[in-house]
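The structures considered in this document are given below.
Same chain, two partners: chain A is paired with chain B first, then with chain C.
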Partner chain A sequence: MQVLFDNLQVLFQGLALGSIYSLVALGFVLIIRATNVVNFAQGDFAMLGAYSMVLFFTGLGWPYWVSFVGALAAMAVFGVIFNYGVYYPLRHRSFLPVVISTLGASIFLQNTVLAVFGPQPRPLEKVLAADGVNIGGVFLDSQYLVILAVTLALVLFTYLFFEHTLLGKKLQATSQDKDMARLLGIPVALMISITFIYSAVLGGIAGVLVGPILFVSIGMGSIIALKAFAATIIGGFGDVTGAIVGGLLLGVIESMAAYHISVPYKDAYAFLALFIFLLFRPSGIFGEKVSEKA
Partner chain B sequence: MMPFRLPHVGTGAVLPDMAAPRPAGSFLPPRPSRNSQAGRISIPALVVLLAIAIAIPLIPYQMTVSNYVVLMFMQAVTYAIAVLGMVVVLGYTGQINLAQAAFFGIGAYGVALGMLSGGLNFWISLALGVAGATAAGLALGLTTIRLGGHYLAMITISFQQIFDLVLVNWVDVTHGPDGIAGITRPSLFGISLADDKAYLLFCSVVLYVLVFAVWKLPDTRLGRAMRAVRENQLAAEVVGVHTLRTKVTAFSLSALLGAIGGGLYAGGFAYISPDNFNFARSIEFLTATLLGGAQSPFGGVIGTVLIVQLPEWLKLLPESLRFIKDVYLAVYGLGVILIIIFLSEGIWGLVKTIRTRLFAEQTTTDTTGIPALTLESAGSHDGPLLRVDNLQKHFGGLKAVDGIGIDVERGTVHALIGPNGSGKTTSLNVMSGIYEPTGGKVIFEGEDVSRLRPHQRASRGIGRTFQNIRLFAALSALENVMIGAQRSNNPIAPGEGALRERAMSALQFVGLADRAHVIVRNLPYGHQRLVEIARVLAGNPKLLLLDEPAAGLNQTEKMAFVELLKRLRGHGLTIFLIDHDMGLVEKISDRITVLNFGRKIAEGTPAEVLRNPDVIAAYLGTAGKVN
Partner chain C sequence: MRLRQAFVTAVCGVAGVVAVFGAPARAEDTIKIGLVNEATGPNAEAGVFTVNGAKLALDEINAAGGVLGRKLELKLEDNQSTNPGTVLAFSKLLGEPGIVAIIGPIRSTQIQAASPTIAKAGIPTMIGGTDPSLTKVNNRWVFRGRPNDSYSSRVIADFGINELKSRKWAIIHSTDAFGAGGMNVLTAALKNAGITPVLVQGYTNNSQDFTPVVLAVKKSGADIIGSYMTNSPDVGIFAKQLRQLGVNAQWIGSPSLVSVTAMNLAGPALHGIYSVADFTPDASAESKAYTKRYRDTYKIDPDVYSSWAYDAMKVLALAISNAKATTPDAIRKGIVGIKGYKGVEGEYAFDDNGDGLRGYNVVKNDAGKVAFIKHINFKE
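Up next is the complex of A and B:
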């Protein structure tokens, strides 16, 4: 019986961790769909969001929710800067220069934050004061519950936003065919800016939520981003549902494998899962097989 | 209207193969046919480079410099060897590799563990490390079977991260985060390399040999295949390049070079730890490559020296600017973005651009003494050259090709026509191997080729061109055509000379021999179409598949094109083409097949087919009938 409870506990933690991957992966996919570019600085969006929170809440002593909103506003501004500094000048070039540019941005962001905040990891308050609840021997940490709830809400919001608002449709049109969208009078550059803003805010939320669990550190984003990217491939490259399911699956695989096999290699399991998928089902769970047209 | 020039427009008579060289070529002195891509270097520049190259490792001998400076040189030299690997895989082949530090690390740990744990000597340990890394590179390269681009970036990062985790956590073998100390240097032919300066000199010699090899690589068969993959993978595959093997080779070579660098690094510094081989180091190698210029080994070396020296130079800053040193890595990240935006071909690219501005590029080529193009006749097998039997190709529920059968007879021109969306290009893609058929068979000279990959079909003599031209844009016309000539089983003499001669003959045939050294992206549209035809002809095809070859041409140009096709048929070449221009199709075709909605609705001589009521209905619709 205890074994079952332990496994449920690990499953719960895996789902919560996976939610974080899902949120970052969702940001990834939105940018991929809008610009056809993989943003290797996506994880640093989470890192920046968490450090904004540290600055506003711990540093300036603002109330928690004001700090939270402030952090998200900062991320929105940052999304615009990122678009015009890193992506926009290279929008007509092939994918390789853009990928390298985002890698450069990642190095720049991490080291700038390092120069400002120093190498010491920072703690961050949990959203709720309560520790958590104990349901039949399985302890549910309040922060994990918040993460699951917020992820669910954001996924719903994203769905409604893209499927049921005019702006969402315009964003979809932009990601499907930029030239046609432009001909129909949709301001494509603005749409791409909005995508970067939304993606940065999603990353920021993920960072603020995961901060209390992992500590806020310079490198926290890199590892989250790599797993989020792995999640997008496992789910199906460029597929929104795939990103969310892939993130959750990866979180569970990782927690289970760490619990049952070995902890030091925790980070390796995600990559092994990725390798297996790439070898046997490279199109992912929801992806369609792609082939180049002659 | 697109310019489209063909030789001997309007003569009407049977045309000779040899196009007269253009007058423009005659007052330029003939130059030897030299490759235009891989860094033509003038003699004085070469002498200067050589002098610098020899001088650098000798500096420590001439001057009394600190041990620290020697070690800095050692770092630059060993890193540069790893960066040469990046030049091969990223610069030449266009494949991203974010795990070069892992290969570097496999070489270093090979030396350290081989010597200290295995009790082997330096050279054997180095060889083991290099072999291990090459095998890893091969495995990573194999993942490109189905995946490119973003996936490859992810795969290599994953490999790098797992390698790092293993180094840190597998303490029993790797000694974990503490690293391994006490690595000793070897002797070579009885000469001890234990001394810092002697070892540095040795490493420099290795670097120079490898720079030379990497510099020469682009002008070999392998190097051209790599650049073809970089420029247009689909076209490379179709003209006969084994693209998977080429990419795997590139990855293996990259890993091999990385491991040599790493092995020498371990010997040079006597101590290694996981920090030296993490993801950040891979990014450093990548940055050095991009900064110097990914397309040239010289660029790679320059970039490495800058990256290694930069922190040292920052130390020389006056007190008031010292803060820059603290944010050095941030500046470095910013630098990567700026290089990519403003210096896309790196420092070496800039040098080349300046040189091109100062000394005009060679644009015309001497065309005397080019042998006439010969084409192998299709073998003596009985029956049609190509038989398409009940061919089907479905995309999900869409039956693009739904059970068609066509026999293409030897020595004929056979046209495939039909309204838009009738499945013509899809059929051609299945014939040339770009798509696998859903059902049915493609039989070429009696052999079932339905499941063969495009390069395998090319090696059997099926050649094709594309509706939207697919050339290797950054390569010269000659190089494009040479890549066509180097398909396997091409019945020409072995060696570079024969390839070059074959390519020049093919260019001469289409009238572009004097433009052989022009980079094809600078050629007008019509000439690009001709280069594409020359590229396929150089491969001695038995069957030529043309996808709308006359699209975008005016009446005069089309007539010239018809003459070209007639000359080809005169050589006994079998041609299967798609076109929309009925006048053109009627003029040159021996036989026409008509498709509509993925099915064959008519077949026969032009006169029969064009009078067929079903065909007329398919094109013009039927009166009184509502679909």
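Up next is the complex of A and C:
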């Protein structure tokens, strides 16, 4: 019986961490779809969101929810700045210069935050006051429950937004064929800006939610982003559902393997899974073959 | 990238050797001491304390007239909290003319990486890493400004068995040089007392989730945890999950358990635990005075990352002043000649291996305050 509880405990932690990977992976995928580039600063969006929260909540003493909304608003503004500072000037260039540009942005952001906030990692309040609940020997951390709930809500929202609103469809059209979208009168530059805003806000939410658990530090984004990137490949490069499933799967795989096989190789399992997918199913779980893409 | 780094390292290394041996320091110059420091990267929070400690010592020495009538000067070099970064930082410092000694990093794994560079250059280097093997690898140029882990493990085992009356041990350790070295010596120390740990569990630094580790501790039925954990944020995450999942075992471990950062991050989850610490504000008259000066200067409490660098700087100054010269051989002679110098970490008596301290304090996290319990010193 204890074995079952322990497995459930590990599964729960895996799903919760996996949710964070999913949120960041979702941000990755949205930008990949809209611009065809991988944004290597995606993890730093999470880091920035968490530090905004630290600034508003701990630093300025705003109420929790005001700080939360403030942090997300700051991320939305940052999304626009990021678009026009990092992507837009290079939009007509090939894949590589843009990727290098995001990589540079990542280094710049980490060191700017280091200079402003200093190197000490910061603790952050949980969303709920309760530490968690104990159900039959399985401890459910309240923050992890919040993370799971918020991820579910965001996934649902993203689906409804893209499939059932005009704006969502315009965004989809932009990601599928920019020239065609332009001919149809869709303001492509604005659509890409919106994608960056949404992606930055998603990253920000992930950062604020995971801050109380991993603590807020300069490097927090890089650790998450690496796993999230692996998740996008496992799920299917550029596929929204794939990003979600890939993130969750990766979280569960590494937790379960750490528990059942060996803890020190925890990170290795995530990337072993990546290797296996690259070898046997390079298009990922939900990925289409490249030739099928419009 | 690797190849390029290796090439740069090699070139800088050669240049460094030439510079150190080729250019005799002029008398009117300052005496330059290098500091390889974690200014960026995951351990940058410790790096700030290290620089603060070294600078405090430097300012005091210079205010008192310097050494051999010359002022001391500190040259900082960032190692990015990584092993390759450490090797590069050493190479850069060795490339600067006039640096007579270096204060190296506090991480055993980084010193392990830089050890060949140090040996080749033949530059006296103070180190803070506590892996016992570091001073026993045929490198006569490293000198340890802290007690090594063969002592910390003996103190951990001694206190856990005799004072906390615990015999079912779980050892939790990081898998880097420090953690693995600590695990080995703690296992040996327990074996001397006839105890085989019920669990020996490693983890990699910067783990996001310790649930599997906590469950393993739970399953083992251990009544005490002995830990060698490298990074403070890891301590914070582990402590929180440990208490959440209802493990109430005693806990005594290496100094990161009472680092300012770990205590700040973990809060009540670390209350009631014990730690060995080479630096404790209340341990001696020297440490009390140091704590006051540090707090006055930097408006924050000092921890081990600052105190060891402070002592290292003082030890180097004393060695140079005793040897009346700044050549590597003279400094080496000066350091191993130090017997009975009272630093803030304890009384220094260097042996031929370069080990200066042989004792640890046992401290307790008493509701968020570090309380000094006792000092345990060994003759050898």
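Some points to look at:
Just so it is clear, the second predicted complex is superposed on the first by the 290 of 294 C-alpha atoms of A that agree within 3 Å, B and C clash if a C-alpha of one lies under 4 Å from a C-alpha of the other, contacts with A are read in each partner's own complex, and residues count from 1 in each chain.
Here is the rule we go by: contacts are C-beta pairs under 8 Å (C-beta built on N, C-alpha and C of every residue); 3 or more make two chains touch, one makes a residue touch a chain.
Remember, predicted model here, so these are calculated numbers, not experimental data.
The superposed arrangement places chain B and chain C in clashing positions on chain A. In the overlay built on the shared chain, the residue A:Gly136 is in contact with neither chain B nor chain C.
Of the two partner chains placed around the shared chain by superposition, neither chain B nor chain C is touched by A:Gly185. When the shared chain is aligned, no partner comes close enough to touch A:Gly61: not chain B, not chain C.
When the two structures are aligned on the shared chain, A:Asp267 is found in touch with chain B and with chain C. Applying the stated contact rule after C-alpha superposition, one finds that A:Ala230 touches chain B and leaves chain C untouched. Contact with chain B, but none with chain C, is seen for A:Ala105 once the two complexes are overlaid on the shared chain.
In the superposition on chain A, the chain among chain B and chain C reaching more residues of chain A is B.
The intersection of chain A residues touching chain B with those touching chain C, taken from the two complexes, comprises 111, 114, 264, 267.
The part of chain A that touches chain B in the complex is made up of residues 38, 40, 85-86, 89-90, 93, 95-97, 99-101, 103-112, 114-115, 222, 226, 229-230, 233, 237, 264-265, 267-268, 271-272, 274-275, 278-279, 282, 291-292, 294. Against chain A, in their complex, chain C makes its touches with residues 40-42, 44-45, 47-48, 175, 201-204, 206-209, 211-213, 215-216, 218-219, 232-233, 236-237, 244-246, 261, 264-265, 267.
Partner chain C is touched in their complex by these residues of chain A: 2, 6, 9-10, 13-14, 17, 111, 114, 118-121, 123, 131-132, 134, 139, 141, 213-215, 217-219, 223, 255, 258-259, 263-264, 266-267. Per the touch definition, chain B reaches chain A in the complex via residues 94, 96, 143, 146-147, 149-151, 153-155, 157-159, 161-162, 165-166, 168-169, 234, 279, 283, 286-287, 290, 326-330, 332-337, 340-341, 344, 425, 428-429, 434-435, 466-467, 547.
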